[in-house]
Structures are given as structure tokens and as C-alpha cells.
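For reference, the structures are reproduced in the following blocks.
Below are two complexes that have chain A in common, paired first with chain B and then with chain C.
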Partner chain A sequence: MSAGPSKTGGIAHRMLSALQSALIRYGLGIALILLWQYAATRAGSIFFPPPSEILHRAGELWLSGPPNRLFLGDGVFQDVIPSVIRLLFGWALAVAIGVPLGILIGRSRIASDLANPSLQFLRAIPGPALIPVFIILLGTETTMRVSLIAFGSIWPILLNTIEGTRTVDPVQLDTARAYRLPAHARLWRIVLPAAMPKIFAGVRVSLALAVILMVVSELVASTNGIGYRIQNAQIVFLLTDMWCGIVLLALLGYTLNWIFLKVEDRALGWYRGARGRAAQS
Partner chain B sequence: MALEERTAPIRAGLGWNLMRPAASAARILAGIIGFFLIVEFVTRLEIVPPIYLPRASTVLWRMLQLVQDPKFLWQVAATLYAWSVGLALASVIGIPLGILIGTSNLAYRMVSPLIEFMRPIPSVALIPLGILLWGQGFSMKVILVAYATIWPILFNTVYGVHDVDPIAVQTARCFGLKSGAILRRINLPSAAPFIFTGIRISASIGLIVVVGSELLASAQSGIGSYILFVSSNGGQMDSVLAGAAIAGLVGAIINGVLELLDRRFFAWRYLGSPS
Partner chain C sequence: MLKVDGLHHAYLPGQVVTENVTFDVQAGEIVSIVGPSGCGKTTLLKVLAGLLTPTAGTIHFQGEAIRGVPAGFAMVFQEYGRSLLPWATVEDNVELPLKYQPITADERRGRVEQSLGAVGLNGFGGHYPWQLSGGMQQRVAIARAIAYQPKLLLMDEPFASVDAQTRADLEDLVAAVRDRFQITIVVVTHDIDEAVYLSDRVVVLSKSPSIVLDVVATGLPRPRDQITTKALPQFVANRSAIARLIRRPEAPAH
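For the complex of A and B:
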């Protein structure tokens, strides 16, 4: 808009404010890591190795492979990938069963009232408490672990889908029926879109649960996986390895949630837009 | 911001049942009996031998025995004790921190990346570390429960404090209220139901975590250690399932009681809401 000098001044100003906001955003985290580094090096506690050591060890464990494997170390193929695959399978199974079943139950008020107490009860059963049952029924292989993840993470999906389906606007359904829309069209065009925000909220909660159950399933009678590595490292007192696993799980959970949020933004963009417009008018 | 975006659906997502008018007692009872009969029927088909998967009636019988057994009740008490201390610890840290983050934009921006990174660490992944640092007893359980339950409390507090009606705050400011008084008389009352919802969600999570940690860390006492004991001693599946079912029952009852309290104390929140 105006001449050169003020423009460069604008850039400098913008850079300064960007720097300031970055400092606010990451300053505390960086300060805490530095403090940890300093304290751990001074104290020399074996329980809390300094972050630099954890980072170094993580590099050895997961990023020391040959170039033709993208530098990924053996640990990635032995533990990380099997873990993530089991997690995604179990979670996908929970979605694949939970959403259709939830819609089926939620379409009828009587059915959802009848199912509610049992669902509340099943949801409250701690997943780990059922490990002995799962092991006896399904063995100690992948099937058992995937089933445990699916069993533990299905409840938020199921309950939220029921709730979402229940709260579909009856006027819309009646209108659709008056216009003789066939049942499948009513399902795809009215029920599902209306229930979608709730379903997504449930599916996201269940993703976090699935990560927890992935670890749980690997703490018992396991031979590989991130959870197994953490536990094994504790038993043989390789505490840096244990910390590496914990940090990796944080990164995994963060990344999965981030990806999910992006997908959700895309899928529910219409909904947020409509809500925003309604709020403005 | 990401944190904010995330808190709202958590509340909405886990607030199932709240907006629903209470189902009649007859339907609740019919649902429970129906569930029992279906499970009984399936287990009577004996697709798997009953030693592995006992009948529902066998498990129910075992449950009735257990709730009269003082030794088992001690284990339940140990679980509930660790659960309540952990939940209290999470509230004592989470609520003030949430108020701070919710009212100060600077604190919010400073702390949110840290929270976003720490939150995804599953509490069970900390069991090995917990065992090393605090052994297999009470402290380990309490700290794991506190770690797992602080997040819903924190997020709901932040959301509730943020969500306050700006006109109410401006009006109070016009009348010359100090910021401390505004916080106490406007922000906190309007955030209270959200905070309570956070505590309710955390209560369910906390019970699952405490039983899980007892089982996975082979703790000295608690429902989880009972389940571990009976499963490793000749795999008494009826006792394993009865223990798990009692844990589930306790969780469902706690949730139900908190939901009732929520309706009673914060009834005004549901006025004018649909259905």
C-alpha cells in the first residue's frame, strides 16, 4: 500500500511478533526440558536420564537402519509397526461394529432405553480386568490383542452414536417420509449427517482409549510391541529405553489425534460452517 | 486454538445421557434382566467349555458370595481408597490450574503446547516407571490415577471458565467489581457444572485405571490384584468374571450417583434445552 521503508518495518515488526508468540508458545516447554537436562546431569539419578541421552538412545533404537529402509531401525519393524497395526485394526473394528449397532439401537427409543443400563455397565468394566478371559478364549496372539482393543474402545462410539441418532430432528424425518424418501435415503441423507458430529466425538475419545488398550494388551504375555518394550526395559533396568518408549507413545498419541482432527475438520466442515452462520444471524 | 477446539467435543461427547429424560424404572429393569438372560442363554450354548466361560448365573452366584466376603470387601475398599485420593489430588491440581489457564490468555498460550504433548501419554505406559519410583503399593496407584484423571477436569475447567457470558462479566465490571470478585461470583458459578462434568468423567476413568494398575503392576491389594490372584491360581474364571463385573458395577453406580447429583445441583443448566 505505501512505500518501501514502512513495508520493511512491517516485516521486521511481524517477525518480531512471530518470534514473541513462538517464545510464549514453546518457551515453557523448552525451559522445562533444559531444567530437566541440567538437574538430571547434576543429580545423576538413574530414574531420570537427561533428555539428551533419551534422544540419543531413541535415535539408536529407531533411526539407525540402512538407507534402503528409510533409516528406520529394527525396533520400528519389530515393535512400533506391529503395535500401530494392532491399534488401527482394533479401533477400526470398534468403529465398524459400534456405528451401525449404535444407529440400529438409537433409531428406537425403547431399544436405547433397554440397552442403556447394560451398556453403562459394560463400559465401566476395566479392560485390563478382562485380560485373563481374553487370553483363555483367544490365546496370546494378535487376535486377542486386537479384540481387547476393540472391546475396550467401542463404548464411547456406541453410546455417542445412539445419542446422536436419538437426537435427529423428528420434523426432518417426518418431512422425508412425507416425500416418500426410501429408508436407505433417510439413513444416508438425514440420520447419518445429523448424528455425525456426535459420532466423531465418540470415535475420537475411543482413539485415545485404543492407544491405552494397545499398551495394556502388550503388557501381558507379549513378545513385541511398544508396551512390551517399556515393560521389558523396566525389568532389565534399561531406564533410558523405558523413557524412549514413553516419549514415543506421547508422539504416537499426539500424531494420531492430529491426523484425526484434520479428518474431522474436513468431514464436519459443513456442520461447523452452518453452526457459525446460525450463530451470526 | 487446538486445545479449545478439543475441549468442547469432549464435554459434548462424554455427556451422554445428560440431555435424555430418565427412562422409566420398568425399562431399566427390563433392560438389565434381558441382558442377563441373553448372556445366560449364550453361555448355556457352551460354544466354549464352561470352565473357560462360565454361565452368567454361575458368575452372578459368585458375585453374591463375594459381596458377603469381608476379605473381598477389603480389596474393594483398598481400590476405592486409592481411587478417591487420586481423584482428589487431580481435582486439587486440575481445577486451580484450569482457572488460571482459562482466565489468563498468556498462561493459556504458554501451557497449552505442553499439555497437548503430555496428555496423549497413556497412564498405563507409566506403570513401569511408577513401580520403579513408588513400588507396588498405594502411592503408585494414587499417582497413576491422578495423572489419568487430571485431563478431563483440567479441560472442562478451562472450557467452563472460558465459556462464561461476556455480558455478565462486563456488567459486573460496570458495577465496579474487582477481578477477584468477578472470578468468584461470575466465572466460577458458571463454570461449576462443567467442572463437575469433568470430575464425573474422571471418576469413571479413574476407577478403570486403578483396577488396571492393580492388575498390571500386581499390586498388594485391590480388586485388580484379586482378579490377578484368582486368574493365576488355576484360572478360576467365574471369580475373574465376578471380580470384573463387580468393578464394572461399582463404576456404573458411581457414574449414576454423580449424574443424579449433577441433575440436582445444576438443574438450571438443562432448563430450556431440547428434549
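For the complex of A and C:
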């Protein structure tokens, strides 16, 4: 008897279980799209074009360019890229301000007492409500939209960083002091890594907020962007174009989140490992 | 080498943990501090390490009064799992305190390797602490202390959270470390057997607010052995004497 049959049996089994897990993962999504396709075709309403039509139109809008522009259509350069740039700049600004400020407030009693009431008050303001103020202060250009995205998406980063740096294990801090680590080393080597899981969680929530604020900021006084394109398409009755924009936003949010999770996996591998170990024992 | 005089500590006014603690430690000694639970042993050690400022009393190290965390002290905590950094590998954990010492990178790496070897963790440098057993993690903490080349090593209940066999191995490791690196060691423990077995002298504390009831010189020969040393009449006598001191219902008033 050779190991052959059992080995091929193993491969077949593995393929089957891979197929099964793929079905569980994506089955519902595929079924919903098929249902959407069926229902929209049956209904024949111009307000609800079937996904196949949306996909076709999306190809025309964004993937009909010449080869020297990687086949990217004008829509990509007019709307998608400006939107993504605003989103990323606003979000990066939120991280760049939120993390250092959060560390300061989390580690300093005085800064915390000083800043806390104002923060709670500012946090309560819905970002979009500030659009008129931002327009007065910053005009209607990119600066205004980037600022709005940063203002609206900074809160989860700031609050999680405060929480994360405030709850560093006292034994880790005692260890650092006992070995006479200088203040900057305590910050970079102890406080920041210890707070990193919470910071990442905050940054991820803020990414979703940033997408929302990007769209909202483009609905007002704008001349381009995905949000502008969706609203404009609705006004001029290009309903398939409108749906294209909505699907694109979903894809954008999904992709950004996926990339972020990959980065987080690398940066916080230790955290998952340590937590997994703690859960076992 | 270390001289503790009239040490008094209260976390809040009226909440006195240590009333009046006086003892000294000679260079090269292993001294244990034992006492009933809640007697302020860990507080005392944190004061010695400079992590807490005592409300009264003085500590002199090599003739100089200490304030804050002195150079040349290393500490091993009971909670090894929390004292080691989970985001750093074993090697990085041991190396971290050395990065802020005035030594070359070559010497730093040499010390990391040597100290991991001394605790029997060759080849584990690339692991993360949480991938190791509790006993191995405490070895990493000891390696970190050795690599720091302290004059005085403070250990707070270092083996309270590991199983009995690991504990015996680690006790013998402490003696080996002292012999090899000439480090003076102060160990806080609640285990009388461990205190007698490890130490040259045992400082016996009363219950809180604590005072020093007695300092017992164990007088046991070295090298020691878990089985034969613990069977010596001298070991048994020491153990009984200390147990009687700790169990005594009322400490003598000072």
C-alpha cells in the first residue's frame, strides 16, 4: 500500500473545504447581487438599474482611457483621484494631530484637566454642521474639505490614544524606571507600543468617518469629487452614474479598510499572539 | 554596601506600611526579606529600588545617600508577564536597558548573548516572551538584570508564580548568578524555605506596620543543594526559628 490514495484524498478534501469556506465567506454577497440583478431587471425602473448596467457604465466612466494613462478614464482624474487625495490628507492630518495630542493628554495630568472639558464639547459638534463655518474661514477649495475631514475623523484617534497611553501597565513603567530608561525611551519604547492596539482601533474607526466626511464635504459648494458626481448625476437624472458613484464609494471604503487591516496585522502581530496565548491559559 | 536606616513609609498619613526598618547588606551577599503577607515587603523593595520615596529614614549605597533610582540597581519583578515587553523579542527585552548605557554596540550584543546563555536560553533570542513558559519568562527577566551588570539585584517574589520544579531550578540559578557575576542580591519572599535556602542572611519583618524582628544568619555551607541542604539540621533550625518569629502574635513594641 502506498500513501498515494490517502494523499490525493487529502488534496481533494482540502479543495473541498477551501470551496466551502469561500462559499460561506462570499456566498451571501454573491446571492444578494444576483437577487438585485433579478429584481432590478424584473422591475425595469429607471431609478434602480441592474448591477450589470451599473458595472458597464462604471467601465465607461473610469476604465475607458487610452493605454498611456493605464486605461483610466477622465472620471478617475476629475473625481476619484481628487476625492482620494482629500480623504488621505484629511485622515493623515487627523492622525498627525490626534496621536501626539492624545499622548500629551494621556500622560499629563495638567494637560488632561486643561483640555478635557473643551474636548468633550468640541466632540459633540457634528462635523457636517461646521461646513458653513469652514467655508467662511477656509473658502471652498481643498483646504476646507481636508480640514473638515480631519476635524470630523480626529475624535476616535484622540480619545483612543488618550485611553491607550493612560492605561499603560504600571509594572512596565516601573521596569522602565528601575532600569533608568530616559524619558524619551519610556515614551517611544514603552508608552507608545503599549498604546498601539488602542491607537490602531481608533485610526481604523476614523478611516470610515473620513470616507463619510469626504462625501459630505463634496456635496456642498464643490465642482468635483465622487460626492459631487453622485449628487450631480442625480440632479441631471443620470441615475446609473449615481449608482456607479455609490458602488465606487463602497469599494473604496472596503479596499482602504482591507489595506489598513493588512498593515495592522504586521504592526500588531505581537498583540494578537500575546492575546491568543492569554486566552489559551 | 547597602545600609537601610530607620526606614518608615506610609502611603497616606495614618496608613503606615513600614514603621521602622533597619538592616544592612554586605557586598556579595544574598539577603532575603521575609514576613507575613501584607507586611510591606514589596513596598520596602520599591523604596530600595528608588521607585517610591520613603516618608522617613535613609538608604545609603556604598556610603552615599540615594535619592531616586540609583545607577547600578537592577530589578526582577514578580509579574514577569507584565514586566517583559510583549512587543519586543527576548533579545530586544534584554538589550533595551543597555541601549541607554555608555557601551558600544558590540559590547551590548556580547552581554545579551552572555546573559541569555547564563540563564540557559541560548537560541531563544528571537522568540517573543509570550511564546515561552512562565519559568522561561522569568529567566529572561533575570537575563535582562544580569546583562545590565548591576552592583545590586533586587528581586520581588521572583518565583511566586511558577511551579515547584521550575522554582527550585530558578533558586539554584540565583546562587549561580551571584557566584559568576559577583552581584549582591536582595530577595523579597513570603516563603521561609526559599529564604533560608537562598540566603546568607534573612531579614525577618513583623506584620504591618513592620519593623525588623531579627536578622538570621543562615550559616549554611555552599554550594547548596535542594535535597541535601534542606535536610541539614541547621536548615531546619533556621526555618523553625524564622517561622516562630513570624507567627508570634504580637511584635515587641519599639
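The criterion applied here is as follows: the second predicted complex is superposed on the first by the 265 of 281 C-alpha atoms of A that agree within 3 Å, B and C clash if a C-alpha of one lies under 4 Å from a C-alpha of the other, contacts with A are read in each partner's own complex, and residues count from 1 in each chain.
Rule of thumb we're sticking to: contacts are C-beta pairs under 8 Å (C-beta built on N, C-alpha and C of every residue); 3 or more make two chains touch, one makes a residue touch a chain.
If you're wondering where the values come from, they're calculated on a predicted model, not measured in any experiment.
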| item | value |
| --- | --- |
| Partner chain(s) touched by A:271 [first = chain B, second = chain C, both, neither] | second |
| Chain B versus chain C as contact partner of A:204, first or second or both or neither | first |
| Partner chain(s) touched by A:67 [first = chain B, second = chain C, both, neither] | neither |
| Chain B versus chain C as contact partner of A:249, first or second or both or neither | first |
| Partner chain in contact with A:24 - chain B first, chain C second, else both or neither | first |
| Which of chain B and chain C A:181 touches, first, second, both or neither | second |
| Partner chain in contact with A:172 - chain B first, chain C second, else both or neither | second |
| Dominant contact partner of chain A by residue count, chain C or chain B | B |
| Partner chain in contact with A:129 - chain B first, chain C second, else both or neither | first |
| Residues of chain C that touch chain A when the two form their complex | 46, 49-51, 69, 71, 73-75, 77, 79, 82-83, 85-88, 96-97, 99-100, 128, 130-131, 144, 148, 154 |
| Of chain A, residues touching chain C in the complex | 169, 171-172, 174-175, 177-182, 185, 189-190, 193-194, 196, 270-271, 273-274, 277-278 |
| For the chain A and chain B complex, residues of the former touching the latter | 21, 24-29, 32, 47, 110, 113-118, 120-133, 136-137, 156, 159-160, 162-163, 166-167, 197-198, 200-202, 204-205, 208, 211-212, 215-216, 219-220, 226-227, 230-231, 233-234, 239, 242, 245-246, 249-250, 252-254, 256-257, 261 |
| Chain A contact footprint on chain B (complex, rising order) | 2, 5-6, 9-10, 12-14, 16-17, 19-20, 23-24, 27-28, 30-32, 34-35, 48, 52-53, 106, 109-114, 116-129, 131-133, 204, 207-209, 211-212, 215-216, 223-224, 227-228, 231, 235, 237, 240-241, 243-245, 247-252, 255-256, 274-275 |
